[in-house]
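Naming follows writing order (A, B, C and D), and every chain is counted from residue 1.
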Amino acid sequence: MGIEHNQWRGIGLDRQVQPASSNPVIVNGEMLAMWRGENGPVRVWEDRCPHRGMRLSFGFVRGDSLRCIYHGWAYRTDGQCVEIPAHPDLTPPKTICAASYPAETRYGIVWTNLERAAPSPLPDLGPEDGWEPVRSLYVNGSAAQVEAAIEAFDFGAPSMVRLKHANAIALGIGVELELLIALQPVADNRIGLHVVARGASTPETRASLARRLQRLRTEIEMAQEKK
Amino acid sequence: MDGELEVIVRQIQSETSEIRSFVLEPASGSLPPFQAGAHIDVFPIPGISRQYSLVNDPADCSRYVLGVKREPNSRGGSSAMHGNLQEGSRLRISRPKNNFALRSNRGRSILLAGGIGVTPLLSMAQALCARDADFQLHYFVRSNSEMAFRDLIIGSAWSSCVNYHFGLVPPVLNDVLEEILRGPVADDLVYLCGPSPFMDAVRSVATNAGWTADQVVLEHFSAEPPKLEAGADEFVVRLARRGVELVVPSEKTIIEVLREAGVEIQTSCEQGVCGTCVTPVLEGDLLHNDLYLSDDEHEEGRLMTPCVSRCKSKLLILDI
Amino acid sequence: MVATTDTVARNEWVPCGWLGQIAIGTNLDTMIFGQPIRVARIAQDDYHVVELSDAGTEGRSLPVQTRYNCIFTTLGEPTRALPEISEFDEPDRRIVGCGSVGVSTCPYRLIENFLDLAHLCFIHKDILGDPEKSEVLAYKTEHRKEADEIWAVDCSFYQPAASKASTSGQMTKYIYRVMSPFSVMLYKTVNSDPSRNDAICVFIQPIGETQCLAYMPMALVDDVSTDGDIIEFQQSIFLQDRVILENQRPALLPLDPTYELPTRADASSIAYRRWLKAMNIQFGILEKQAA
Amino acid sequence: MTITLYDYTLSGSCYKVRLLLRFLGLAYERQQIDFFPGRQHKSLEFLEINPLGQLPALRDGTLMLRDAQAILCHLANTYDTSGQWLPRDERFGEVMMWVMFAGGELMNSSAARLHDALGYKLDIEAARANAHAALRVLEDHMTGREIAGRKWIVGDAPTIADIACFPYIALSGDGGIGHEDYPALRNWMRDFRRLDGFHAMPGIAEFV
C-alpha cells in the first residue's frame, strides 16, 4: 500500500476511549495499542511489550501506568518500564521502554502518525471546538471507493465537500450541520471511518447520522459484491 | 611515597574554558631531562596520581609544562588540579616516563592530535623540527576558542607545519582523515593521541588506507593503578585497545563508568542474564554475578558481563 | 505450505496424534513441519505413518513410536531418542492425556511459556499464583551436555491451589527439563508425598512455523481426583495461556537478546534460546527467515 | 430443590449459565462432563439427559433443560425476584431477540474456536466471516446505545441478553476473530467484566 508514511490518521473517537483502557488498532498493517490512564490523554504505542512481545492492547491500566497482561510489567506514560513484579526491588534499566508513536487529540478524534521521529504537523481541519462524536465504523473498500461514496451520499440534506485532505473529509450538510470524517487505512481493502459532527447537538440527530453511516457502509460493500 | 620529586607551581594559565596549563619548576636543583612524548605522574592529592604529558621543548629542562583538561569522571585528579592548586603551591611528581617516544624514521611523520591529546604532540613537533624532519601536525579541536597553547604553536618555528580542523564530527571527520592518511609509504609514521572515539576513527581510517599496525603509534598512559582505599570494592578497569583507565567505585557498575567516559557498550537486560554485554577479559581476578556464563566459562575467566560482574583484584584489563 | 528443509528440525521425534484419537481401521491426515502426512491405525497398537504428496497420494513411510500417550514420528534420522521419563513406568501412577490443542504461534513460544514462572500469578491467578506474591526467587539453569538437555532446578513459587488435589496454598518446588526443541516437562512436588514428583509434559507437533498442536501427557500421584477433573484442570491452564501465546508479536522466535529484553526470572528462556542458537535450528526462528 | 449443571469448564455456553447462577447467588451441584477428548456429551448416558448431545444441560428438581439460552430464561424467570435479568415489560421482546441472536448467529464464533483450538473440521473462513457479521450487528446496536448514554444491550441494567452475548464475543479471539473493529463492544465487555459477581473463564483475562 503506497500510502505515504508521514501522515496523521484518525484511529478512534476520543470520548469512546474509556479511562483506564487499552485498545487494539491497526494502521497500514501496523499493530498499535491506543490506551488512556485513569485520567489524561490517549497515548498510542507499538502493540508489543519489549519483554516478550505480548500485545500491550491486551494490557490493563492502574493509575497512569499500563501493565502488560503476561508478566504485569508496568510502563509509565513516557514508555519507561517502572516495575517488574517478578523482581519487586529491582529498578528496571532504562533500556526497557515501550515504543510510542506521536498522538494528538483534536476535533474529538484521536490521531496518530507512523513517522515517529519527525512527524509533520497535524493539518488544520477547521475550528477545534463544538465537535460531538457520532461513531466509528469499518468498511471493506478502497480509500477511493469510500471517498467517492461519501461525496455522493445523501445525508438527508444537500451536502457539499468543505475540505478534502489526505485522510479526512469535511462536509457541510444543509444549513448548520457539519461532518468531519477521518479515514484510517487498516489493510488493502479495509478502511476505518471516525465521524464527528458540529451543529448536531441532540443525541437523536447523532443517532440518525450513525444509522445513515451504517447505510453508507452497506452501499459501499454492496457495490463491491456486484463487481 | 607519592612521587620522587617536589616542584613548585610557578604559573597557572587557562588555555581554554576547560584546559589549564601549569608551569612547574624545581623546588631545588634541576629537573631530570625528558624525551618528546614523555609524561609524568602528578600527585595533586595524597594517594591519587594522574598522568600528564610534558608539553614544552625537551631541550628546555628548566621547567615542565603540563596541559590539564577538567574531566567529568575524574576521581578528584583533574578537578584537584583545577581546584586547589595555586601559583606557589608545592607539588609532588614522578620522574618523566615515556611510552610515546619518537622513532627515528626517514619518512614523513603525521601527528594527529584530538583535543587535549595535543599535549605530547607539541613537544614531539618541537623535537622533529629541531632535527629538520618532514612532519605535519593536525590539530582537531571542537572550536577555535577551545584551541590550547595557541601562543606556543603560533610562536613556534614549526607553526607552518600545523593544520587546524575545527568541529569535525563523523562522517566529515572520516573524509578529512582519509585525505590526510592517503597513500602511506613504508617509512611514514602516524603519532596519535586523543579521546577514544577520535582514536578509534583514526585507526580504522588508517587500516583501510593501508597503514600497518606498527606504523600507528598510540599514547598509552600505563602508570600503575592509582591507590585505592583498602577494603573498598573499588578497582581500576583498563581498556587495552583504547589505552583508557578508569576507576570503578563500589557504588557504580563497570557499564556506568564506561558510559560516563563516553565508551558505549551495547546492553539489554543489564542484570547479567542475557549475554549482550559479554566482554573478553585479559587480566583480573573476576567476581562473576551473572546467570549467563556457564560455570566453566566463569572458571576460565576469559569472559565477563560488565553490567553486573566485578573484579576482586585491583586491576581489570578488558580487551576492548 | 512447503515442507521445511531444516535438517536440525526434521531430525527430531515429534507427536502426530494421541492414543485413542484414531479408530482402528481409519486414518488421520495431518502435517508436520509443513509436510502433509497420514497416520493410519492398522490394529490396537499398530500405527503406520506415510508422507502425502500435494495431490494426496501416499509417499514414503516414516518411522513410528507410541509412548507417553502419543504417536511419534520423524521426517529425518533422529540423533536424539525419545526421552526416558521413569515416572510413566511406576505402577501406582495415573497416566492421563488431554488430547491436543491447536495454537497459532511457533513451538518455541509454547516451551518458553511452560518454563515461565513470572506469569503464573497473572495468567493463572488464584490457581497457580497469587499476584500479591509475584516475586520469582533465583533458580539455576544448566545445559546437561551428555543428554543435551536444558534443566532449571531449585525453582519455587507460591501457589494458592497447586493441583486438583491440593486444598490450601503452599510454596511449590519445580524442576524443569527441556528434552528437545519441541518438548519440555516439569517435575512438581506431590503434596501428599514430597519425596515424589508429578511429571507433567508438553510434546509439540509443529504443523507450520507459526501453527502447532500441543499434547500434555501426565504421570501423577493422585488417587483423589477423577480423570475428568485432572484433564479439565490441565486444559483450563492451557486455554488461559493460549490467548497469550497467540498474541505475542512476532509469532516467530527472536534469538537476539536485545530484541526482547529479558530479566533474571527469564534465565531458563535465555538458556533455551542460547541452546537453539547453538544447534543452529532454522524452523520458526525470526532471524533465520529467508533474508 | 437442588440444581445440577452438566458442565464443561471451557464451554462458552456452559459459562453463560455459570455466570447467571453466580449473579443470582444460586448454589448448584456441578456434574463435570469430559467434552474433550472424551466426547462424554455423545455418550449413551448423556444422550438420555440431552438427546441433542450438547452442553450445558440443567436439572432443576424434576425439570430437565438443555440449551443455554433456555436455561438462562428459566433461571431468571424462576429465581430472579428483582426482575432485572428478564424484565417483563416492554423490554422483554428486545431481551429475547438478543438472547436468540446469542444462540444463533453468534455461535459462528464458537464454531471458529472449536476449529482452531480443538481441531473440529468445518469451513473456518465462513465461520469467521459470519462471526464478524454478527459482531458488527451488535456493534452497530451498542454504538446507538452509547449515543443514547446507555451501557447495556436493553434497558438500564444488565439482562440475560448481555450474559448470553458476552462469552462468544469475549472468546472470539480463540477462533481468530479480533476486536479491532468493535470499539463499542470493547467498552461493553469491559463494563460487563467490572460487574459485581463477574468471574472469568480460560480465554478471558483475569485483569481488566
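By definition in this document, a residue touches a chain if its C-beta (ideal position, glycine included) is under 8 Å from a C-beta of that chain, and two chains touch if they have at least 3 such contacts.
This one's a predicted model, so the numbers in the text were calculated from it and none came from an experiment.
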Greatest separation from subunit C - chain, by CA centre: B
CA centroid of subunit C to CA centroid of subunit D, Å: 31
Whole-Å gap between the CA centroids of subunit B and subunit D: 74
Between subunit A and subunit C, centroid-to-centroid distance (C-alpha), Å: 39
Euclidean distance of C-alpha centroids - subunit A vs subunit D, Å: 30
Contacts with two or more other chains, residues of subunit D listed in rising order: 205, 207
Where subunit B touches two or more other chains, by residue: 268-269, 271
Multi-partner residues of subunit C (at least 2 other chains): 122-123, 243, 247, 261-264, 266
Interchain contacts (touch definition) - all pairs: A-B, A-C, A-D, B-C, C-D
Residue ranges of subunit C in contact with subunit A within the complex: 112, 116-119, 121-123, 131, 134-136, 243-244, 247-250, 254, 260-266, 269
Residue numbers on subunit A that touch subunit D, as the complex places them: 12-13, 16-18, 21, 23-26, 58, 60, 67, 69, 134-138, 186, 192, 203, 206-207, 210-211, 214
Contact set on subunit D toward subunit C in their complex: 8-10, 32-34, 36-38, 40, 116-119, 173-174, 176, 202-203, 205-207
Residue numbers on subunit A that touch subunit C, as the complex places them: 31, 47-48, 50-55, 58, 69-72, 84-88, 90, 92, 95-96
Interfacial residue positions of subunit C with respect to subunit D in the complex: 18, 20-21, 97-102, 104, 122-123, 125-126, 213, 226-229, 231-232, 235-240, 242-243, 246-247
